[in-house]
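As structure tokens, here come the structures.
Both complexes below contain chain A, partnered by chain B and then by chain C.
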Partner chain A sequence: MTAVALSDPVVGELRRILGEPYVLTGKADRLNRARVPAPFPVHRWAERMPDVVVMPASTEEVAEVVALANRLRIPVVPRDGGTGLTDGAVPLRGGILLDVKRINQIKEIDLVNRTCTVGTGINALKLNEVLAAHDLFYPDDPASYPCSLVGGRIGTSGWSLIGSRYGHTRDLVLSFDHVLPTGKVIHVGDGIGGKITKSSSGYQLKHLFMGHQGTLGVATEATLKLFPKPEAEFSPFWAFEDYDSAYRAVGALARAGVATFAAAVLFDEWKVDYLRRDDEAYIPQPSSVKALVCAALYGYDDEVRAGGRRLMRIARDLGARYLGDEISQGDWAARHDRYATPLHGRTRAGQVVPMSWHCEDASITYANLPAVRLAWHEIAAELRRTSDVFDDWGMFAYTNGSTGADYLTEIDIGIWERRLDDASWAAWVKAKRDLAAVALRHGGSISACHGSCREGEVDLVPEELGGGYDIMLAVKRELDPNNIMNPGKYLLDRAYS
Partner chain B sequence: MFLEEWRDAAYNCFSSGHKFCREVCPVMQVTRNESWSPTAFHANVVAMEKGELEVSDVAADYVNCTGCGACELRCPNSLFTGDFYRFRTRTVDLVKAMRGLAVSEGVHQPGWQRWNRLTDQNSHEPVLDGVSQERVRDWADGLDLPVGGETILFVDCEAAFHRTSLPRAVARMLNLAGYTFGLMNEQWCCGGPAAEMGYGEQAQRFARHNLDDWRAHGVRRVLVLDPHDYITFTEDYPRYFGEEFDIEVVLVIELLASMVREGVLTPHVPVERSVTYHDPCRLNKRKGIWQEPRELLRSIPGLDFRDVDRVTQWSSCSGAGGGLAIEKPELTAKISAARVDKALELGVDTLVTACPWAERPLSEVGTIGVVDLHELLAESLGVGEP
Partner chain C sequence: MSYRYDREMTPPPAERASPVAITRFAHVFEVDPALMTEHVLQQVFPNWDTLRLVRSRADHLAWMHRHFAHTVISGEELLDDLD
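Moving on to the complex of A and B:
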């Protein structure tokens, strides 16, 4: 255990490195960096406070802070947007919270090689506002697109809604400067890194330094792959009278092999019920509408039209009813804004209560989607039977790739965080473990995008990774000999016992 | 009382926690300090309710808001459920309430305390040395405007004492249109800035004075050229006075746009400038007024107008609002510089705005010409400053 109460000399040393304004010790400063959107009992909020917050402006400053922490055995927790859903950016043992949001400069836009190099504190939407002037875009597009930051995308190895067309964060980040837990700075990419998109030189280390949830260090400056800004977007939404028809249709659409295909999403009947609560697009839909599918195509106008016609034909042949241009365009445009709103929460008696959104995000093969869906809804129903704190907000399944092999499979559980006491928290942790077990039992992975280091699910990570988990322990021990980087995550204390 | 009023709203944000507000917030964009995000402003209320924080712990954090309202527009809670549940995110009001709570508990910000003390003494904000009640109508010297009448032009402190060419342009255009109006009998500051900085009692005292003055002199209609006044008169005054407040409040920009639309005024003098328009936050983000300014700009011959749409401009601000410029001028300067940089990227020579408070910090950046929309229109109507 490396938890310490930070002494004044440490704060003084941090101020020497960073300057007075960028070392924060106020309680509000610390409380506001002890949270992410994932629900947690409010009465335990202060347990996760760091001792001090630092806001470095450069790789060098990050390295100096981490080296100091390593020398003094003080926990360091990297935090960027703080929008993640698996607590990666939340300290479990106090220490130094390393907030990298100030490292957000655009260092270079390389129009010839189609890359840009940015500080990892930058947001993709803001970056795209600048890239638009060059008719380029960076297509890393999570539900949190308006607020997540590049560093967090690297630390979680994020998932993109339009990844079936453009790839996910791991494909889009070419290389980055990375501060190791000792304070040493390395450049990570394929081979030499930089702007190289493919190399066979040596071990493929880029993936190792993505998705570690800050347990292996901090990415500070990244080179990203850019694409032509799509000229056209087509995003049809279709209604179905039952889940099975919608399931068949989404599979057929994803397998069609249309080159401009960027995503397909399946909404099950629980999700449609949830949307009917307050969403003007769905309230007037006839009650026969039980499930929805949408697809998204991106590219040049002529290719999107051709691909769109093909998908429309496939859907129609499978019994789909097109919901019309207005809902289609509106809903796709609003996809980031609609991903959770607290007042969608309902008690069993139907009272509106503000609930936080929890999203499970397993990767499940197409064949196993129906079975996982039923098992997950049963777990959610059991939670709701025991307490008004929980509400089943339905399921989405999103294509992970262009061949339709597997899907980010999401069940959304509303949690009335204000009423989340110790007993209901324990019930939730058990449910998370059960949800993860269902995914593994069906050959899936616990997490497609958030990471899997929250209480409950994390217990099953060694089982999921098998012998690979022992490698994780060995790597952690080797790179972070004093267990200072984000200690307590992913059960990595086992590396030191 | 404060906690009772704001607890549910705070939890509503806390439960969402997505921080869509962060990247559109002008203060966040230049400071990157999460303690000053709209999300944190709500979360602190939850922490106060749980006994984790006192108002004195956070009062200084709440300085870092210009009251622009971008966060409210970008909030996923408001975007989709605002109308449905009658429960909008109201960060601007929350910030004002927290500032008010701080003042009521004796926690003052030094710059704001001084500013409001001087305003109280002089009945106008100390926008420059020598502000006094005797000089509040000096801007109108030589224009032969009557005092009183059913319709009066209310001129905010910055325009009345510092940006005097602006109200002069407005007066000349209204005269040209044959529109009858006068000056206020005894005009005091609207009280809005005091309310924004937490000095609620003073704000209401000033509002009372102005309303009493209007009623005593038969004023039925108040024309305003300042977006900040427009907020104060259409939101604060009705809240203070309820049904007693039966004054019609007219935004000069809307009046001018209707005059141009109806052919009462026709801009005809070519203005050879390339311009872009800075949407004043209180018009665009807080009142949804963005069409009329564009209508006016498009009516001016010779103008090369390169527009940036209103939604993109949610992210922009001059940094002058909400008292930020008084307590943290260095942040206002950074926000203004960022706004001017965006204008320069368009290759224009002039940044047009319609807010007297924005014009000083934007001009002080020094890299672009800053012109007020009213003055530009007056020039094209042939009644510009000689």
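Moving on to the complex of A and C:
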């Protein structure tokens, strides 16, 4: 905790910049912004409290706040929807929590160039409600679609469920205004930025300022790429009698080269067992169902039908059983909103317990999915053997792209937060480190989506990036000379030692 | 909805749907109450509220489809095309 951040002169200066109502010091205001949906040691909540919350309304106000913090050496943690699963929006050293939700205006919808420019505090669902009037669509679709914000998607370089068709956040965000840790404002994009989608002029800085988890500043206004709202959606779900058949099928579907293909997802045996506990789609399924695959296509009706027939034929020839329209359509629609699902796990005796969801993810090539799956479940089984605090909820593998090369691979672990203590938290952190090590051993990346700056996996980031991690340290030191921007993340304190 | 309070507060008899789930209303599955006796206790819900929750979920999913695309294509229709 920084003593200086709570001192009256600092709070007074923040109120001068932002106005009285937008500088919050109440305990509830700060508690509600001290965590994200990922489980954390509740008994250590106080360690994550910001000293003060600020809610600026413009790039200029953000810049003033950050410049003040830099001058006084006060930590600043940017926070958007707070839906990330790697604690990027969680303060580790108190200071100022900078909540961007008021920067949520739609500045422009450019129907000619098919772009829009928005404040980064806007949510994609709300944006798409407005775009629908123009029959347009911004297809950035995380599991937190109804509650995540554009700025958080930039800060985490988010992954989109339908990214195999439309690209992920890095592809959909063309450019943005960015407040550096010194308070200086720059515009980041390809070349001149703005609405340009491809430039070879200068260094390609856009990716540098995406996925930094708030350690390099704050995006405040972004220009986004738009698409026609899809005329048709098709989302078939298929059952298989064994994992290997489902694995072969998902690979074949992803490699089929269907232009409207937006996603394919593989559910393993553990996931099917988990769904049989309380999911209305899977409770009635016969015991022969051991694994599942789904796919999603978006586009004009005629092209989706043609691609859909091709995928249905591929799945049928590989031993699939179509689960029917009701399950297929219902389950797919639920995938856009997984944060709304009430969660509970089971003790080893079978009793229901309230649990939080933790999704540990990695990018894994198709060829290595089966081996990673077995190694990850062994790690989860070890947690489960020792404690009722942990529950293995199975694995999904989602296509990262349209060619089927690699997959966002996730294992979902239920965690009984109220029972977490130092020992079980340490076991969890070790498990996270072990899961990340398995990903690296198989040529994967520690995270496809969430980031890798949380306790456990973060220890292996220098190993994953190699010489690139030294560049990260040098960039951090140069852009944030006083280490005020989200300090303590990604082991970046090393830049100053 | 029933006119009498006690009828709304008395759910239909349970039928076993799986080793860990039961069903009281058509196509509505519930976790076996025997598994909810120690750490999570079942709440008492009037029948109308149980059905309202289920229908609200269906409404939400239908809304999500409309939000993402104008129409949804039936896999059963496409399967018929293959045969």
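We take it that the second predicted complex is superposed on the first by the 484 of 497 C-alpha atoms of A that agree within 3 Å, B and C clash if a C-alpha of one lies under 4 Å from a C-alpha of the other, contacts with A are read in each partner's own complex, and residues count from 1 in each chain.
Here is the rule we use: a contact is a pair of C-beta atoms (placed from the backbone, for glycine too) under 8 Å apart; a residue touches a chain by one contact, two chains touch by 3 or more.
No experiment lies behind these values; they were computed from the predicted model shown.
Undergrad: Looking at the overlay, does A:Arg316 come into contact with chain B only (first), chain C only (second), both, or neither?
TA: second
Undergrad: Determine, under the contact definition given at the top, whether A:Arg276 touches first (chain B), second (chain C), both, or neither.
TA: It touches chain C, and chain B stays clear.
Undergrad: Going by the contact rule set out at the top, does A:Val304 touch chain B (first), chain C (second), both, or neither?
TA: In the superposition, A:Val304 touches chain C alone.
Undergrad: Name the contact category of A:Thr347: first (chain B only), second (chain C only), both, or neither.
TA: second
Undergrad: Answer with first, second, both or neither: which of chain B and chain C does A:Gly330 touch in the superposed model?
TA: In the superposed model, A:Gly330 contacts chain C only, not chain B.
Undergrad: So, A:Ala256: does it touch chain B (first), chain C (second), both, or neither?
TA: Neither: A:Ala256 stays clear of chain B and chain C.
Undergrad: Now for A:Leu125: first (chain B), second (chain C), both, or neither, which partner does it touch?
TA: A:Leu125: touches chain B and chain C.
Undergrad: Going by the contact definition given at the top, which residues of chain A touch chain B in one complex and chain C in the other?
TA: On chain A, the overlap between the chain B and chain C contacts is residues 125, 129, 278, 280, 334, 336-337, 344, 352, 354.
Undergrad: Using the touch rule from the top, collect the residues of chain C that touch chain A in their complex.
TA: Listed in rising order, the residues of chain C that touch chain A are 17-18, 20-21, 27-29, 31, 35-40, 58, 60-62, 64-65, 67-76, 78-79, 81-82.
Undergrad: Can you list the residues on chain A that touch chain C in the complex?
TA: Against chain C, the touching part of chain A is residues 125, 128-129, 132, 137, 141, 229-236, 276-278, 280, 283-284, 298, 301, 304-305, 308-309, 312-313, 316, 322, 324-325, 328-330, 333-334, 336-337, 344, 346-347, 350-354.
Undergrad: Which chain B residues qualify as touching chain A in the complex?
TA: Those in contact with chain A are residues 8, 11-12, 14-20, 22-23, 32-35, 37, 39-40, 43-44, 46-47, 50, 52-53, 57-58, 61, 74, 76-77, 79-81, 84-85, 87, 312, 345.
Undergrad: Give every residue of chain A touching chain B within the complex, in rising order.
TA: Residues in contact with chain B: 24, 26-29, 31-33, 35-37, 39, 42-43, 45-46, 55, 81-83, 99, 101-102, 104, 121, 123, 125-126, 129, 133, 144, 146-147, 278-280, 334, 336-344, 352, 354-357, 417-418.
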